[in-house]
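In the two complexes that follow, chain A is the common piece, with chain B as its partner first and chain C second.
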Partner chain A sequence: MTVASTNSVTPTNARPVASRATGRGRGPKRSWGPGRPSPLVLAFVLVPLLVESVSVFWPAVQGFYISLTNWNGVNPPSFAGFGNYSKMFGDPVFRKALEDTAIWLVLFGGLSAAGGLGCALFLQRERRGIAVYRAALFLPVVFSLTATALMWQTLYQPNGMVNGLLSSIGLGGWQHAWLADSSTALYAQIVPALWREIGYVMVLYLAGLKGIDPALYEAAKVDGASAWQQFRNVTLPQLRSVNAVVLSVIIIDSLRSFDVVWALTQGGPYNSSQLLSTYMYQTAFVNTDFGYGCALAVAIFVLAFGVIVSYLVRAFKESD
Partner chain B sequence: MSYSPTFSRRGLLAGAGALGAGLALGGCATATSTGGSAQQGGAVTLQSDLSSPLAEKAMQSLVAAYGKQSKYTVKLNTVAATTYQPLLPTYLTSANPPDVYTWYAGSDADHYSSRGLLLDVSSVWKTMSNYQPALKTLSTDAAGKQIFVPTDYYWWGVFYRKSQFAKWGLSEPKTWSDFLNVCATIKAKGVTPIGLGAGTGTAWVASAWFDYFDIRLNGAEYHRDLLQGKHSFTDSKVVDVFNTWKQVLPYFDPNGTAVSWQEASNQLIQGQCGMLLTGTFFADAVPKGSLDDLDFFKFPVIDASVPDAEEAPTDGLFASSKTHNSAAVLDFMTWMATPEAQNLWTQTSSGTVIPANPQATSPSTALVQKGKAMLAAASDLTQFFNRDSTDALQNTANTALIDFIQNPGKLDSILSTWQSQAQQAWKTA
Partner chain C sequence: MSTKRLRTIGFHTGASVLSLLWFLPIALILVISFRSTDDVLGNGLNALPHSFAPGNYSAAWSGGGMQQALINSAIVAVPAVLLTLLLGSMAAFALSRYRIPFRRTLILLMLGGNLLPPQILLVPVAKLSQVFGLYDSLATLIVVEIGFGLGFYVFVLQGFMRTIPGEIQQAALLDGASAWQVYFRIVLPLTRPALAALGALAFTWIFNDLLWPITVLITQSKMPVTPALLSLQGQFVSYWNVIAAGSVIAAIPTVAVFLRFQKHFIAGLNLGAVK
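Up next is the complex of A and B:
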């Protein structure tokens, strides 16, 4: 498609400017003034828009429509208005999932941002063999978390490595059935999620750090700034644009955190590690309650969108 | 770099627009019928959730054997078991659905049949007069027509190792008090009496205990009605179930809710636990040599006045009512009900299932013969928690039962939460 449009336009572009002006009289088909976009530009806008509407917007509208119905996939859907949304307020599992998602957002988000920035600062200077360390930290991003979750599951077994390690250092009393205990299941699953996310955030921050003009540090040094002052007054302000990216990535990743939890506990035991994403999946695809499942998906979307937009608005205001 | 010189912008946009509009009109996600092309006379598609390597291979050889002796052909389409269940309604309600499906008998099949989605297979049942009446009842929908062809079933029992029981001087308990004595003896020997295996992903095995307590105390009829929403989980009869369960809870593996059933069956084989209530499917993973030392006993009788019912989950086939190929579908299902087909199945698969056709040869092992005799003597057969209800209700049970096993003191609040969650599930079904 792109090839065809490009070629159909090339002769026009190749024409010298003068002949373009004279060409105006040759017919309305080939003429466009400075105010009218070229067909190439139109194609670049319209074709992706069409693809996007068919593959993203239309399903999204459908999803919203389903959320207004009661539908189990077999019976014809019956219109329920906002019944599925009002159901959320009285649903204890939804409340639990919301709480857990908030805990997840704060712990997973905060620790991966802090950890990622820490690792980036630590590994930013070019030293011999530094690439090995960077690669090692980035490596978990490459693996599928569903597959590595199986490894974590083995570590967390009642007679697994975590408990073995605890008893060998004399902390046998701290042993738990980590994933089966309702008080530890959620936190035990944040660890593998962090293990993966920190490497990713580190790479984002490394790129940001590389973009800071070294002259700023030199100037700061000349002014007698300590390492902390350099970090506080040069590095952090310079990373502002990267922060916006990192924050969006972290919020999106925590709200869609699903793979670890579904692979390790499926939200159990008794909903103690239920996240909005796992609850949505369970409702729609295990319980085949598609209406309520779609309503939960809409709620997740509104939350993610709301948090990110409000942050971006604030960030842009600050930069103005 | 070839392109059509007649390719104009207007044409491109018009084409893309038409494509988009076409997709938009046909893509309504909740549409149950979108029209489609008939594929009369083509191969019958068999949608199968038997995705374990052993079972898939057995299915392939069955389909090949059918193709050799029939003018029709069957195309096997294996889907991972976890994906199959949520997709099943989509398959059945689509305009051009696959023809035949592997699935469970009972409540679930009836659920689809009441929406007119299943093919009437009464004509196949005319060739199946030798089948147990219980299996025919199980394959009959609420309207009285047969919609299911059972191929095999298996049983649940309390499995133990013969050598261990001999070492401890124990014999198979028949009554509840015998069973409690056995538990106490094993515990005194320093071994966990009862393994569970209701950990990550396999929490559902805990409902076997619930099922058995309920059918032993309240009977199979009450149990089925309870799962259909005709009784409440806060009923005093359900409270009795949990109070009886509390008597054996101290003998359960304290890590029972942390390990999977696969690990629990390993614990049994390695002698780390004395007994395990499980279905025969666990034997697939057991090394061949260890199988000889395994035996089982019937879940102990608690109230002698309640007729014995047993869990006998039945697998088989049903077909879509929208098939364009019903002659071939019925022919294939008739063949699957024959002793030859079922012999082939039991030979090539794990060998712990009982063929549904009484004329087929069951695996000759003592274990299978004993299981078959137990089921034949039962006054009633139940399927399993999710098969007698829905997967949505199974989820509510997983939550409630694991909570109970970890916090038996919270029983009242657990049961009222269970009831309110179950009401949601019944309303959606």
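Up next is the complex of A and C:
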């Protein structure tokens, strides 16, 4: 298996730089095609816009509206004002889901960023065999979260790999029914998600590291900087834009995390691994409480709002 | 000199251990998927194989419905990817090469739609598809997968197309080429690397998706691979070998796409990263 070697990362990193250069040099408004777009050209924009409107924008507006109603899908929806929202404050499952989502965000987000950066630094230099190592770390990224979850369900069985590894390193006392115990179910499910995310974050950081001018390191060495100082004062500042990308990617991915938990515990046992996303799905499609389900979806939207806006602001600058 | 040598050895030892640790779950699942039920129950999940039972794969394939599920996934993913690239590149072409009113607003609006948490759309989409009489149909799933991803592809592709020099287009227009010809004959071929990268990515995302299929479909025989895996899990409770075989079957298509288009795939992941 030969994967993800040097060259594969190059075009990657070259693109945004190139696009920025042209944008700056040429000025966006000058000399693009004829002044007035023909009807055909307008249709080129309007048809995709229509598709997205029907499947995204209009449903999104409706989602906000449904969150203001009581609706079980049988009777017509009745307007409830902010009833569903005030219900959240007294709902212990909502509080638990919020808490678990926060834990997920911090652990899954923090560890995948740290792990991804660590692996990228470790595997950054082009040398013999490097493609194989990178491929091994990257391979899980292409699996679906559901298939990943089922693999780990087997590994988490009482006589499975996880317990086997623990006893082989002398930690037999830690053996556990990881997914069935309400004190470990959430954390046990972060592991497969991490196993899959770290390779992805690594790829983002590898591209970022490749973009750093080697002259900066040379200069730092001349000044007698230690490896740690080079990391602190050259690598980290240079990775600032990639860090921003990674931050939005992991926050959006955390809030979207659904598949692993839905496949393994459906939020159980006793809501101990309930995430906002699983609680929303359960409320809407298992308990058919559509109004409250949509209100929970709006809560997820509110949490994601800051990230969405900052992502769009960066996109705005880039499309200049 | 020997320090350098030692460091190289140290690196390869560390990297090998890390890679093996990462690969160990996959290796174990592959081994389990070929062991017989008696072997797994009798000798434990971690034991070396005492049997060879490729029958697990046929159990998952026909009994567990993975065959039908793969067909359904192909029916959804192939047209969804092609239409996404077509619609995305059309919009990107117009938005990057012409002075469309509210150009930047439109780009950001479309990208914003892609960044919404899908949860906010689930109930309305399920309801809307009932109103149109399209609930529980693969067509709805295709439309939703296209619509939800589109903003991202438009954004990336218009960024890519802006790097194509305007002179090429102007020369073609002077020669009497129509907008459609400029799009189809000139800009699209030059956009091929980005299209390949996004295509590989889009296929993986759509193929691996769970949330949309379980929201708009109810009939078991219409389910694509990912939800079908969950019903396989319910059907073969504690048959870890069959479940392992099913997971392997579900992973093969995306691994194949990755291995075939790995360069594009990695490039695609980075294309999406807004700096």
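Odds and ends about this structure:
Here is the rule we go by: the second predicted complex is superposed on the first by the 250 of 320 C-alpha atoms of A that agree within 3 Å, B and C clash if a C-alpha of one lies under 4 Å from a C-alpha of the other, contacts with A are read in each partner's own complex, and residues count from 1 in each chain.
Keep in mind that, in the parts below, contacts are C-beta pairs under 8 Å (C-beta built on N, C-alpha and C of every residue); 3 or more make two chains touch, one makes a residue touch a chain.
Note that the coordinates shown come from a computational prediction; the quantities given were computed from them, not determined experimentally.
More residues of chain A are in touch with C than with the other of chain B and chain C.
Of the two partner chains, neither chain B nor chain C is touched by A:Gln175.
By the document's definition of touching, of the two partners only chain C reaches A:Val203; chain B does not.
In the overlay built on the shared chain, the residue A:Thr184 is in contact with neither chain B nor chain C. In the superposition on chain A, contact is made by A:Leu42 with both chain B and chain C. Legend: residue contacts after superposition of the two complexes on their common chain; A:Val286 is shown touching chain B, with no touch to chain C.
Once chain A of one complex is fitted onto chain A of the other, the partner contacts of A:Ala136 are limited to chain C, with no touch recorded for chain B.
Touch criterion met: A:Ile252 reaches chain C, while chain B stays clear of it.
When the shared chain is aligned, chain B comes close enough to touch A:Gly268, but chain C does not. By the document's definition of touching, neither partner reaches A:Gln230: not chain B, not chain C.
Of the residues of chain A, those at positions 1, 3-4, 7-8, 42, 47, 54, 58-59, 62-63, 66, 153, 157, 284-285 touch chain B in one of the two structures and chain C in the other. Looking at the complex, you find that chain A touches chain C at residues 1, 3-4, 7-9, 11-13, 15-16, 18-19, 22-23, 26, 28-29, 31-38, 40-42, 44-45, 47-49, 51-52, 54-60, 62-64, 66, 119, 122-123, 127, 129-130, 132-133, 136-140, 142-147, 150-155, 157, 159-161, 164, 195, 199-200, 203-204, 207, 241-242, 244-245, 248-249, 252, 255-256, 258-259, 262-263, 276-277, 280-281, 284-285, 290, 293-294, 296-298, 300-301, 304, 307-308, 311-312, 314-316, 318-319.
Put simply, chain A touches chain B in their complex at residues 1, 3-5, 7-8, 39, 42-43, 46-47, 50, 53-54, 58-59, 62-63, 65-66, 69-77, 92-93, 153, 157-158, 177, 179-182, 264-266, 268-271, 282, 284-289, 292. The touching residues of chain C, counted against chain A in their complex, run 8, 11-12, 14-16, 18-20, 22-26, 28-29, 32, 44-46, 87-88, 90-91, 93-100, 104, 106-108, 110-128, 143-144, 146-148, 150-151, 154-155, 158-160, 162-163, 166, 169-170, 173, 178-180, 183, 193, 204, 207-211, 214-215, 225-227, 229-230, 233, 240, 243-244, 246-247, 250-251, 254-255, 257-259, 262-263, 265-267, 269-271, 273-275. Note for the complex: chain B touches chain A at residues 1, 3-4, 7-9, 12-13, 16-17, 19-20, 23-24, 27-30, 32, 85-86, 89-90, 92-93, 111-112, 115, 117, 199-201, 203, 255, 257-259, 263, 390-392, 395, 398-400, 402-403, 406, 417, 421, 424-425, 428-429.
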